[in-house]
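Presented below is the structure to which this report refers.
Order of writing sets the chain letters: A, B, C and D. Residues in each chain are counted from 1.
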Amino acid sequence: MIIVIKQGSPEKQVNNLISWIETQGVRVHVSHGEYNTIIGLIGDTAKIDADLVEGLEIVETVKKISEPFKKANRKFHPEDTVIDVGGVKIGGGNFCMIAGPCSVESEEQILEIASSVKRSGALMLRGGAFKPRTSPYDFQGLKAEGIDLLLEAKRETKMPIVTEILNINHLDLFEDVDIIQVGARNMQNFELLKELGKTKKPILLKRGLANTMKELLMSAEYIMAGGNEDIILCERGIRTFETFTRNTIDLSAVPMLKELTHLPVVVDPSHSTGMSKLVKPMSLAAAACGADGLMIEVHNNPARALCDGAQSLTPAQFDDVAKSVNKVLEVVKG
Amino acid sequence: MIIVIKQGSPEKQVNNLISWIETQGVRVHVSHGEYNTIIGLIGDTAKIDADLVEGLEIVETVKKISEPFKKANRKFHPEDTVIDVGGVKIGGGNFCMIAGPCSVESEEQILEIASSVKRSGALMLRGGAFKPRTSPYDFQGLKAEGIDLLLEAKRETKMPIVTEILNINHLDLFEDVDIIQVGARNMQNFELLKELGKTKKPILLKRGLANTMKELLMSAEYIMAGGNEDIILCERGIRTFETFTRNTIDLSAVPMLKELTHLPVVVDPSHSTGMSKLVKPMSLAAAACGADGLMIEVHNNPARALCDGAQSLTPAQFDDVAKSVNKVLEVVKG
Amino acid sequence: MIIVIKQGSPEKQVNNLISWIETQGVRVHVSHGEYNTIIGLIGDTAKIDADLVEGLEIVETVKKISEPFKKANRKFHPEDTVIDVGGVKIGGGNFCMIAGPCSVESEEQILEIASSVKRSGALMLRGGAFKPRTSPYDFQGLKAEGIDLLLEAKRETKMPIVTEILNINHLDLFEDVDIIQVGARNMQNFELLKELGKTKKPILLKRGLANTMKELLMSAEYIMAGGNEDIILCERGIRTFETFTRNTIDLSAVPMLKELTHLPVVVDPSHSTGMSKLVKPMSLAAAACGADGLMIEVHNNPARALCDGAQSLTPAQFDDVAKSVNKVLEVVKG
Amino acid sequence: MIIVIKQGSPEKQVNNLISWIETQGVRVHVSHGEYNTIIGLIGDTAKIDADLVEGLEIVETVKKISEPFKKANRKFHPEDTVIDVGGVKIGGGNFCMIAGPCSVESEEQILEIASSVKRSGALMLRGGAFKPRTSPYDFQGLKAEGIDLLLEAKRETKMPIVTEILNINHLDLFEDVDIIQVGARNMQNFELLKELGKTKKPILLKRGLANTMKELLMSAEYIMAGGNEDIILCERGIRTFETFTRNTIDLSAVPMLKELTHLPVVVDPSHSTGMSKLVKPMSLAAAACGADGLMIEVHNNPARALCDGAQSLTPAQFDDVAKSVNKVLEVVKG
């Protein structure tokens, strides 16, 4: 951490600050520039609250040097993390296609989609049982029944399943779920993250709509600090001023995150764009830039087929996407 | 809801869509423009998923007409909501100054600040017991002990207290808390909102960093839909590209929200700017544009006094702010 | 400038970098931390391209210390700049109300509005002659004729006039204009700024929709570097994700800019909100938080009166705003 | 255009509005819903100012139906535009690699880079002669001399050249330039766009940092309305809250724009990320999602080689990128 002192600050106050820092067990190194005095802090600066110091009358600015994420940091763990979910691997060169419906709606629906996406090459099944909805008046998912249906699809197809948790009190229901998803709106629900840190389940952690990559890594750190180090990060679009797309997919986050962390990074092209016609190009782009997997919405609901669900693909469209993604992967990895 | 059909869409598909809408119990009104056909939906459109319709090949765009918030909507409840907390009123012309430390740290600290801000005119005491922190390695608050200390300050000063909840399983600890705060990161923690909807406590609901006013109102609606209609909305800054301030305080949200809803709207100038020197000007501005209250951080910690806490005021600074705010209120209300 | 070197970087490359910096005439100060080596640069670092250095394989990050604006910087010019426009002063405690129509439309219109806003206390007249429009098919203003009409209003009312320039080749037309406005879309039209730096006219420089305060100050610096130091900065809303308001007015920019620079700062509540009903509360808020003036749209067009122009006030509404603003100013300055 | 009238509005005012619209030569179609009355406008609504109507007391909201861009609109021109620049084609399946240095620095530099990138498969040479810089104190480019050097490289290599214009008064200098670039900061410099509409040169139009795709298309429309229909759109990153990357590259803009318009769309991975290490993954992603070309910075400056220019590739790195892009293109097009 580096503290830049304002020009003309009273020497006594500067010395007071330095003394206070030293009482926190941190060494300092002071250098005098043309306009500013700079105090470099050496040692464990975790006890120094940067915001607090930045508020001092005499402080111009505070610059943090070391990244606050440790367990998620590639610097300290250079090897890719590979997560093994019932034999399906993700990370470290293992690309994983995850597909399934937005919401689990019925036994017939989930079984049909599951076997269909499996034929097209999906390795895991996704499906929403608990649905976070902006409006209290919207459908909130089949809940426990939805998880039961996913488990049935798992038995039928042998595909591991991933589904979202909204409330830590529901954890018992997730006992046979393979990967627990934390949605964008809960990325900084730290109480939930802490509890998930105590489980042994891999966690698929989605980036919040307005969260930086650093905050995403800090949220992964919350889970890892509790002892659970099997985290899959997921880029799913950020909120910007653009209105043609629902969110703005940030594909540069894929190579950037993979440099910063050893954790696998997947992309959700369905939610990030909100339009089924953008799912294929964004899937190919994600594969081309190094993503470790894709998470794609697929539906087979005849009522929706009428409407061609805003962000969901039909099984036939998914089959086409999966084939094209594989071609890109061959070339990129080749 | 209005559905705009793409030019040149097959008539059969258009008719299929219309039939499907009618089976949902919604009437339609079709008009043909120069380039587009427009389908107006009349009746209860809650069952029609706009995102899904927008994804149809034949649909250009979908425009929602009616606001999705009902109980929070001023259209249906023109009178200002006035919330009475142990005799202290907020809303409907009653301005409420809430002040206190960021975190409760000790008995001495909270009692001293409480009596000090009360002398300066604060009507409620705030203080953090459970602290949401970006990093798992940062101080997480005194937790239950922090609430006990707040309750002691309440007994001493007779000021109602407001403090943040992070986990619905802690609800028992909040039994004697007067107002429960939902922080920005939990604004869309719908499970928490639903549980708070079952309580009888007033809720201070902070706007999320990247949430629109509409989403804030929808989150209020979640609590109100459960039966608890005593919600105080709080503007605390949104995330933008600007870096000189921590967040960008959106003061236009104050008059805008007060037109859209009957609920009281308060402003937190401390967190939204992240700088103590901006607290006074933003407090005066908030009072001038019609806020129903302010929520201001005040500290008395000698260790911090050294540093002049980034976003906290000293008791003397708070006294000056409170006096100036009162002058502005007299002029604006007069 | 501070350069943080990555852990484990080859010493030879670090020494190469240090040598290269020294050949640019800049002294360095190297300190070794636990994880990183830090190189402090002392002297005139203007020649060191921070982006370029940040791209080095061995560089973790680059932190700039000194602000890149010099002439606009309050550190080097602590006294408020007061701009005198034909006897009307702005800055240094002089509050200036600027009002007038969005576009000059006719002689009758501009004369009537001008005398009306003068009666209500406006000290300057604004009016658009050249209009920047997103669509080439929209009305582009009366152009030269519009300026003639403004000059006529100036003769009649003795009010100085301010109007926007779009093209440096039009400069001759602005000979008798008192203040030249640079619009938000041209804030980084550096060629225009350079030319305006050669004039003797005060410039009203609007903040771009997506520009930081630092960039606004750098654009002021462009004009000042050319020799013209009479710049008035104008906050007019930034682009965010919020859709209820046209832009998000950033009122914290007022006290923040006034700390960073000695230049006057005014606020345009009409364009920043896009709604006439928000003009009054935002005007009061701007006055309360220390703005040096307001720039408000007023119309008298009967065709528009029908419609109550989206962001324009009627003369009667403006009169009310002006009176209320004066009351707030008395209290705040008092 | 659809106008939604507020519930309970006086019938007389609604009728006044309808009459006024009809006097503008636009037909209306009124329908009464449960809560709102809706007025549909049929015919040429260009004369109706939506912002103005939206400001009416009686108006809830205004929804625009038809897109405001005509000449750039794929609806009216379904065939891809193919731009032929001295035999090099772009658009309609023709992928064009554009490469060269950020700034032209010397004859040796530009000739060496030009022949190098040509060998690697670049079809056009880019290089900055006039440089827009945030600070007036930064290097502003070699200007006219830079263009002369580019023309020399063109003679040597037979590659068409593209370079940025900042000031319409410089147009004479661009007589032998093949493609004129309009930078992000000038995307809404409408005076510049209008003048370029009178030329016969293809224009490479970069998306502004905070501009929507719709605004980008409207700026293309400005040029096309003047008679010059050879426009290449360029995605180069938008401004968001993320700070790890310089801007956030919006790759979903590629397929989205290509659906909205017949104009070619290229991507600049160098400026959008600001980091050379992200150029390759973003180039592959852009090729994978359907871009018509790439615009990549390449340097050979030994002084910079030391530093490995923040966003520029070395010739060897560019060669690797070009080869990999070609492989992806084969697969995606195949």
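Methods note: contacts are C-beta pairs under 8 Å (C-beta built on N, C-alpha and C of every residue); 3 or more make two chains touch, one makes a residue touch a chain.
A quick note: this is a predicted structure, and the numbers were derived from the prediction, not measured.
Path length between chain B and chain D in the touching-chain graph (shortest route): 1. Of all chains, the one whose CA centroid is most distant from that of chain C is A.
Averaging C-alpha coordinates per chain places the centre of chain A 31 Å away from that of chain D. Centre-to-centre, using mean CA coordinates, chain A is 38 Å away from chain C. Separation between the centroids of chain C and chain D, computed from CA atoms only, is 26 Å. Within chain D, the positions touching two or more other chains are listed as 210, 239-241, 243.
Residues of chain D that touch chain C in their complex: 16-17, 20, 46, 51-57, 68, 132-138, 166-169, 185-186, 188-191, 194, 208-210, 215, 218, 221-222, 225-226, 239, 246, 274-276, 303-304, 306-312. Residues 2, 4, 7, 29, 31, 33-36, 38, 40, 42-43, 60-61, 63, 65-66, 75, 210, 239-241, 243 of chain D are the ones touching chain B in the complex.
Put simply, chain C touches chain B in their complex at residues 210, 212-214, 238, 240-245, 248-256, 259-260, 272-273, 277-278, 281-282, 284-290, 324, 327-328, 330-332, 334.
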